[in-house]
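Look at the two complexes coming up: subunit A is in both, with subunit B in one and subunit C in the other.
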Partner chain A sequence: MSATSYAECSARQRLALLLDAGSFEEWLPPAMRVMSPHLAQLSVPCAFDDGIAIGRARLGGHEIFVAAQEGEFMGGGVGEVHGAKLTGLLMRALRDKPAAVLLLAESGGVRLHEANAGLIAVSEVMRAVLDVRAAGIPVVSLIGGSNGCFGGMGIVARCTDRIVMSETGRLSMSGPEVIEASHGVEEFDSKDRALVWRTTGGKHRFAAGDCDELVDDDVQAFRNAAIAAISRADASRPVVLDALEFEHAMLSDRLETAALAA
Partner chain B sequence: METLRYELRGSRPVKRVDPVLVGVVASGNLEVLIEAGVPGLCVFQIETSARGFGTIWEAVIRDFHERHDFAGTRVSIHDMGATPAVVSLRLEQAASSLAGDLR
Partner chain C sequence: MDWQTLARALFGEAHRIRQDGDLLSGEAVIEETGEPLGIVGTTNHAPIGVALALAQARIVLDTIAKYPGRSILLLVDTQGQQLRRQDELLGINRAMAHLGCCIDLARRRGHRVIGLVYDQALSGGFITSGLIADACYAVPEAEIRVMRIPAMARVTKLPEGLLTELSKSNPVFAPGVGNYVAMGGVRSLWQGDLRACLIDALESAPTTDERARDGFARGGRRLAHRVIDEVLAA
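After this line comes the complex of A and B, so read on.
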C-alpha cells in the first residue's frame, strides 16, 4: 500500500485512517454546533466543530481517548470552545481511565481573536494534561501537520508523556513570523525555510531530545508509532521530582552547548 | 460576514439520519454539513465571509438542487471566500458521501 501523507490529511481524515477502522465515536460532533461565541461577534465564519474533533476510539485494540486539531481552520488556533473540548476530554479521561489519550496536535497556539479566553483555555488544557499524567494515563502527541505545533500548544505537547513527529512537523514556542516581527529579520528570517526547519523541524527536535520518535510523513507510520508509544511498559511517565530535575539538567546542558557553538 | 438562506421544494427525500460533514473553513474553502430537515424542503443556510455575492450563491445552489432535488434536507455552509467552482465541488462531495451509505 502506498503511503498517505499525514501532513496532507485533514484532522478528520487522520482520525479515520490512524485509528482502528470505524472505531471513532465523536463527542460534541459538528451537528451539535458547539461553536465559538467570539468569532461570530467579530463577523468571522465559525467551524461547526470549532476546529477540533474529540472522542473515544480503539487504537491497536486499546480503548483510547483522542483529539485532533484542524490546522486549516484559523491555523488550528485554540479558542474558548476549542480549548474547553480538549480540557473536557482530558477530565473525562480522569473519570473513565482509558488506556491512553492521543493528541493529534496542529496549532499556531492561542486564537488571537479570542484573546484572554484562548489563553485561559490553553492553561486549562496544560493543567488537565498534567492531571491525566499524574493519574498514570499516558498522553501522547503526534505532530506532523503543515501548520506545526506552536505557542501554547507547543507547551501543551511538551507537557505530554511522549511526542511523535515527522520531518515535516514543527514544534516550538514562538513561530518564525512572531520571532521575526519582534526581533527583526536579522535575528530570524521566517522566509528561510532551511533555517525554520533546522530550528523547529522534526529532525532537529528529535536530535535535541524534544521528541521521542521520528517517523515518515505517513499516516500508517504515525499509527504504528502511536501504538508502540501507548503499549510500552513505561508508556506513562508521571511528572515527579526526579523527572523535573533531569529535564532541568538537560536544558542547562543545552544552553551551555548552544553558547559554545555560537 | 453575510448570511443567506434558500428554501427550495424537493421531491427526493434523503433517508439518512447521520449528518455528513465535508471540507474545512479555510481561505478559499468551505465546510458543508448535510442533515435531515423539514419534509418536502431542501433548506440551504450559508454563512460567508464575502459580502455581496448573493446572486452567485443562488445560482450555484439552484444548479446543485436541479441535479439532486433533495427533500427533507438541511444543508449548512460555512464559507471563507471559496470560488463558485469549489463550492459546487464541495456540495457534490457531500451529496456523494450521502449516497455512499444511505440512499
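After this line comes the complex of A and C, so read on.
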C-alpha cells in the first residue's frame, strides 16, 4: 500500500485513517454548529466545528480521546470555542479516564481575530493538559501538518508526555515571518526554506531531543508511532521534581553550549 | 508602576527583592501575617527568551526544594516572547513549557502561586507566568494584550477602524486589563491598599481553573464555559 501524506490530509482525513477504522465518535460535530461568536462581525467565514474535531475512538484497540486541529481553517488558530472544545475534552478525560489522549496538533497558536479569548483559552488548555498528566493519563502530540505547531500550541505540545513528528512538521514558538518583521531579514530570512526547517523542522527537533519520534510523512507511520507511544510501560511521564531538575539541567547545558559556540 | 514602588506598597521595607538585568527574585514578608513569600518575575518589559525562562524556572525549583509550601508571587512585566532565531533554534517553546511546568508543580505541591501584572503583559511571556498561577491579578494601570490593534489589523487583513469600533463593545479584540477581568483571565484588579489585596488573594485564590466560569458570569467570554459543559455532557 502506498503512503498517504499526513501533511496533505485534512484533520478529518487524518482521524479517519489514523484511528481504528470507523471507531471515531465525535463530540460537538459540525452538525451542531458550535461556532465562533466573534468572526461573523468581522465578516470572516466561520467553520461549523471552529477548526477542531474532538471525540473518543479506539487506537490499536485502546480506548482513547482525540482532538485534531484543522490547519486549513485560520491556520489552526485557537479561538474561544476551539480552545474550549479542547479543554472540555481534557476535562472529560480527567473524569472518564481513557487509556490516552491524542492531540493531532496543527496551529499557529492564538487566533488573532479573537486574540484575548484565544490567549486565555490556550492557557486553559495548558493547565488541563497538566491536570490530565498528573492523573497518570498519557497525552501524546502528533505534529506533521504544513502549518506546523507554533505559539501557545508549541508550548502546549511541550507540556504533553510525548511528541511524534515528521520531517515536514515544524515545532516552535514564533513563525519566521514574525521574527523577520521584527528584527529584519538578517535575523531570520523567512523565504530561506532550508534555514526555516533547520531551525524548527522535525529532523532538527528530533536531533535535539525536542520530539520523541521522527516518522515519515505517512499517516500509517504516525498511527504506528502513536500506538507505540500509548502502549509502552512508561507512556505516562509524571511531572515530578526530579524530572523537572533533569529537564532544567539539559536545557541549561544546551544554552551554555550555544553561548560558547557564539 | 515600577517594581520598587510596588514592592514598597506590598511589603514596606520587609523585602529582599533583587534586580539582576531583567530578572526579579528574592523574598519578602507580609508584616501583618508574618508570612514569607518567594518572589519571581521580570522587569523592563523583558522579552522572555530561553535564558530568562530558565532563570525564572530555577528560582521556582529552588523554592519547591528549599521552602516546601511557601507561597510564590509572580511579578509580570513582559513584552512577550523573545523574537530571535537563536531562541527558536534552542527550543524557546520547550524552555517556556518548562517554566510553566515548574510553576504548575509548585501549585500541585501546595504552594499558593499568585500572578500580578504590575506593568505590561503580552502573549507568550504571560502564558507561562501569570496565566498559569492559581490566579492572576493586575493593577489598573497595567496593560495586557496579545497584539496592538494596528498590528492585529495587518495580520488579520481587517480594517483598523472596524477593529477599533468592535473593541469598544467586544472585549476579545481590545487590549486592556478590564477586558481580561471580564473574560475571567484576570481575577480582579488590585486598587488602594495593595497589601490587603495580596493578603486576600493568598487566602481566597482558587486552586482550580475558574476562568471559563468567571468569563461566563462576567459576560466577557460567554461561550467557553458552555462549550466545556457541552463536551462533558456529550
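Heads up, the rule we're going with is that the second predicted complex is superposed on the first by the 262 of 262 C-alpha atoms of A that agree within 3 Å, B and C clash if a C-alpha of one lies under 4 Å from a C-alpha of the other, contacts with A are read in each partner's own complex, and residues count from 1 in each chain.
One rule holds in what follows: contacts are C-beta pairs under 8 Å (C-beta built on N, C-alpha and C of every residue); 3 or more make two chains touch, one makes a residue touch a chain.
Since the model is a prediction, treat every value here as computed from it, not as a measurement.
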Quick one: subunit B and subunit C on subunit A, clash or fit? fit
Counting residues of subunit A touched by each partner, does subunit B or subunit C come out ahead? C
Quick one: classify A:31 as touching subunit B (first), subunit C (second), both or neither. first
In the superposed arrangement, which partner chain does A:16 touch: subunit B (first), subunit C (second), both, or neither? neither
Which partner chains sit in contact with A:239 here, subunit B, subunit C, both or neither? Use first/second/both/neither. second
With the two complexes overlaid on chain A, check the angle at subunit A between subunit B and subunit C, Cα centres, nearest 10°. 110
Mind working out whether A:228 is in touch with subunit B, subunit C, both or neither, as first, second, both or neither? neither
Looking at A:72, would you say it contacts subunit B, subunit C, both, or neither? Reply first, second, both or neither. first
Could you say whether A:159 touches subunit B, subunit C, both of them, or neither, answering first, second, both or neither? second
In the superposition described above, what is the shortest C-alpha distance between subunit B and subunit C in Å? Please give a whole number. 12
Looking at subunit A, which of its residues have contacts with both subunit B and subunit C? 44
Residue set of subunit C touching subunit A in the complex reads 50-51, 54, 57-58, 61, 64-65, 81, 83-98, 100-102, 104-105, 108, 123-124, 126-128, 131-132, 144-147, 152, 155-156, 158, 162, 166, 170-175, 179-180, 183-185, 209, 211-212, 215, 221-225, 227-232, 234
Interface residues, subunit A side, partner subunit B - complex: 10, 12, 29-31, 43-49, 70, 72-73
Touching subunit A in the complex, subunit B uses residues 1, 19, 21, 24-26, 29, 31, 33, 35, 47-49, 76, 78-80
Subunit C-facing residues of subunit A, complex: 27-28, 34, 37-38, 41-42, 44, 54, 80-81, 83-85, 87-89, 91-92, 95, 110, 112-124, 126-128, 130, 134, 150-152, 154-159, 171-174, 176, 178-179, 182-183, 187-188, 199-200, 204-205, 208, 210, 239-241, 244-245, 247-248, 251-252, 254-255, 258, 262
